[in-house]
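I'd like to ask you about the structure that follows.
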Amino acid sequence: MTIAICPGSFDPVTNGHLDIIERTAAIFDKVIVAVLENPSKEPLFSAAERRYFLQKVLAHLPNVEVEYFQGLLVNYAKSKDAKVIVKGLRAISDFESEFQMALTNKKMNPEIETIFMMTANEYSFLSSSMVKELVYFGGNPEGFVPPLVVAALEEKLGRRRSGK
Amino acid sequence: MTIAICPGSFDPVTNGHLDIIERTAAIFDKVIVAVLENPSKEPLFSAAERRYFLQKVLAHLPNVEVEYFQGLLVNYAKSKDAKVIVKGLRAISDFESEFQMALTNKKMNPEIETIFMMTANEYSFLSSSMVKELVYFGGNPEGFVPPLVVAALEEKLGRRRSGK
Amino acid sequence: MTIAICPGSFDPVTNGHLDIIERTAAIFDKVIVAVLENPSKEPLFSAAERRYFLQKVLAHLPNVEVEYFQGLLVNYAKSKDAKVIVKGLRAISDFESEFQMALTNKKMNPEIETIFMMTANEYSFLSSSMVKELVYFGGNPEGFVPPLVVAALEEKLGRRRSGK
Amino acid sequence: MTIAICPGSFDPVTNGHLDIIERTAAIFDKVIVAVLENPSKEPLFSAAERRYFLQKVLAHLPNVEVEYFQGLLVNYAKSKDAKVIVKGLRAISDFESEFQMALTNKKMNPEIETIFMMTANEYSFLSSSMVKELVYFGGNPEGFVPPLVVAALEEKLGRRRSGK
Amino acid sequence: MTIAICPGSFDPVTNGHLDIIERTAAIFDKVIVAVLENPSKEPLFSAAERRYFLQKVLAHLPNVEVEYFQGLLVNYAKSKDAKVIVKGLRAISDFESEFQMALTNKKMNPEIETIFMMTANEYSFLSSSMVKELVYFGGNPEGFVPPLVVAALEEKLGRRRSGK
Amino acid sequence: MTIAICPGSFDPVTNGHLDIIERTAAIFDKVIVAVLENPSKEPLFSAAERRYFLQKVLAHLPNVEVEYFQGLLVNYAKSKDAKVIVKGLRAISDFESEFQMALTNKKMNPEIETIFMMTANEYSFLSSSMVKELVYFGGNPEGFVPPLVVAALEEKLGRRRSGK
């Protein structure tokens, strides 16, 4: 059984993330979506909120689990018996940093393989930070994030926008 | 059982190709190395020679087969019940054309997934055409291609170099 | 009145070309689609065929004309009193050569401005040569080119494919 | 009448910005230079100062106005009846983020078109932040920014440099 | 006698930096490794620590000196009678910003030349910040930095990691 | 004494080439401009013509010699006791292939170092093939190539253009 990990901040999950996770679930036996808890960053949504959104929108995929992780990704992967890390690539914008990370991870643990999928065309411009900025400036994120995230974004950022 | 395809011209196979195929064989149940027969191109080695080199150097991998293919890759993949196409990416040089091909293949058959692996550091500059040019100008391709290909290259290109 | 030129080989016109031309026609008073006659290249479709396809699929746009051109684009633009050349950019694949051409044209005639539009997401992987290759290998180009071009491609390339 | 918008922080305006604005003014009927007021960023120059510099150095162009804007650019453009947003592209450094923004804006309002101009050769390395860094470390920004901005930069940053 | 400068933050020095400095020392008469003291940034290691590491690991190269610098690099180079600035390039990740800096420096002082070397293959993914992040998350930086830096990193970041 | 090599086809030499050679001559003791004789390519100008142009336009530089070379560049460099190969980089368009060649050369002979200079701003779009295309289509190459090359281009390509 091959276990694959889809790591990320998912702050919040976008339709682009979902697309990558669903395609990963179609080719590997088991997928662990790993939500990064990074104590040195301040996410918009707590790790618990981010995991909750993922669990809700991935509930239809029986071979997908959502978990937290901290520290080095390759160590986490090893602890889960995962052989594969899956990342989405959007045009060139992710290429360099992903390349650097994949080579570093390979050096840290050569038995864990990083593979890449091209982000679907319609999500090639999509990122969590772009969605947050859009909502902050009053834009409508429908079509970019799942419906339950649309509401959550508006609540968090609408309040911030109006300075409350 | 997930079947993956590693397509290419392999004219000739390089150590960079081998690295990608071996890593693919470690994460998928079965790997088909598909040698492109393109009637409109003139390869240095015939399809039979290219397949022979691959069979020899991949003989230690029980879950790898070497075959020929023509026409559209997604059609070939479907005929083999393969769900996954695996390509190696070298820094930026392959990125654009691979991106275009992956999106086109996705449009032709959304059920077949293209995934990418970063070429190992030590092969990031390696390509079949670079090796052929190197040998043509009198360079030594050891370390770039498997030993049996070193000899074959020298025989074909050494003769051409001396104008015979 | 500002006249804009959309130059290209259009061998054949794709839905990506149409998208750029339609968007150009929405912001400039008059648009000249200029079909390149390059005596040193062998197109699949003759200049007359390429112009005919464009005229048919652009017939709904009253401010668009389709013409031939040869030689230096800036000279042609000047002869037509056009101030603007419009090019589509697909992710990074066109960027470098377009950049070089725009700077060269600027040097040849600083009064003619080259502007760029990002190709729509759904056509970002699309090119005339990709479509021709696809059809040559037996793929279906529907959704990539206008319907009348689908038929013409199949006629030309299907015959070539079967070696007649 | 086609109205085009040249948006930016202009903190401060550089000769590269001026070049793009002048070329835009040559091909569109009316140009609105839109100075971004972003409450979450701390610019070196206040929005009023940035607008003043622009008004002074653009005074010779009768079809150019300088205004403030906040919030989503496409909403602002619509409120001004502008059909076109014009951005300058410098080699590859701006390409990715501009691509992302253009596609996002297109999704938010498909009637507003983003077009790009290649930055003139001699300004291809120029950015407001580079100029600020240069002056901060004691360099002379003449030739990079208009003369009245040279003096203003020296006053602001010279003081900061000497720790007062 | 041609004097070359290798400038950087070196926070801390990596094996990639050492490779570039050693190759520079092989082609120029004298090399000054210039440690940037930037009052507006908070490095992990003090300038004195960074210089000490460099002096230790470069002690075998008689034509290399390690010094501090502040302010504009071209001014510093001139004060040292250096004609050449040497920078390492890693794949595309450094290209754009290095290009911008080289052109700016050229404009500030055309007599000082910036030259580039490709980072050796095995260090192409290596950066000081990547190493710091790796150690912060519990990874082992051996092979990435010289042995005396391994110990120093663990001491500084291990403490920070455990929140002391 | 450090000897540097500036290799190229120089078919024909452009002002961008001259800029790189002059800057190289300012930092190295001796510079060998090495004109590639590639039997498998058909240049516009013969090797003798290309060398003659270079000798004429470089006559003012006493430490520059113009020679022919064939075969592997690193072997040629070694035969000339040259330690350094100098290449010009134009924005991103040369980066990838230069990167690949530099790494290959390093592998073939680690004692020969390849260094890069950024092409001056005003030549960043310039290449021999662009100039040839320009003249072929009737454009004026003044400012792109030295005056004696302007005449030679017009003679060769003007004749070809008019089909004689």
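We call the chains A, B, C, D, E and F, going by the order they appear; numbering starts again at 1 in every chain.
Note that contacts are C-beta pairs under 8 Å (C-beta built on N, C-alpha and C of every residue); 3 or more make two chains touch, one makes a residue touch a chain.
Quick caveat, the model's predicted, so the values are computed rather than measured.
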- Least hop count linking chain B to chain D through chains in contact: 2
- Query: Shared interface numbers for chain B and chain E above half of all numbers used, same, or below, different?
  - Reply: same
- Item | Cα-centroid distance, chain A relative to chain D, in whole angstrom | 34
- If you average the CA atoms of chain A and of chain C, how many Å lie between those two points? 38
- Task: Check each residue of chain C and list the ones that touch at least two other chains.
- Result: 91-92, 95, 99, 103, 121, 124-125
- Message: Strictly by the criterion at the top, what is the full list of touching chain pairs?
- Response: A-B, A-C, A-D, A-E, B-C, B-E, B-F, C-D, C-F, D-E, D-F, E-F
- Task: Could you pull out which chain D residues touch chain F in their complex?
- Result: 91-92, 121-122, 124-125
- Task: Spell out the residues on chain D that touch chain E in their complex, using ranges where they run on.
- Result: 91-93, 124-125, 127, 130, 134, 137-140, 143
- Item | Residue ranges of chain E touching chain D (in the complex, touch as defined) | 70-72, 75, 96-97, 99-100, 103-104, 107-108
- Item | chain A-touching residues of chain B, taken from the complex the two chains share | 2, 23, 26-28, 83-84, 86, 89, 91-92, 95, 99, 102-103, 106, 113-118, 120-121
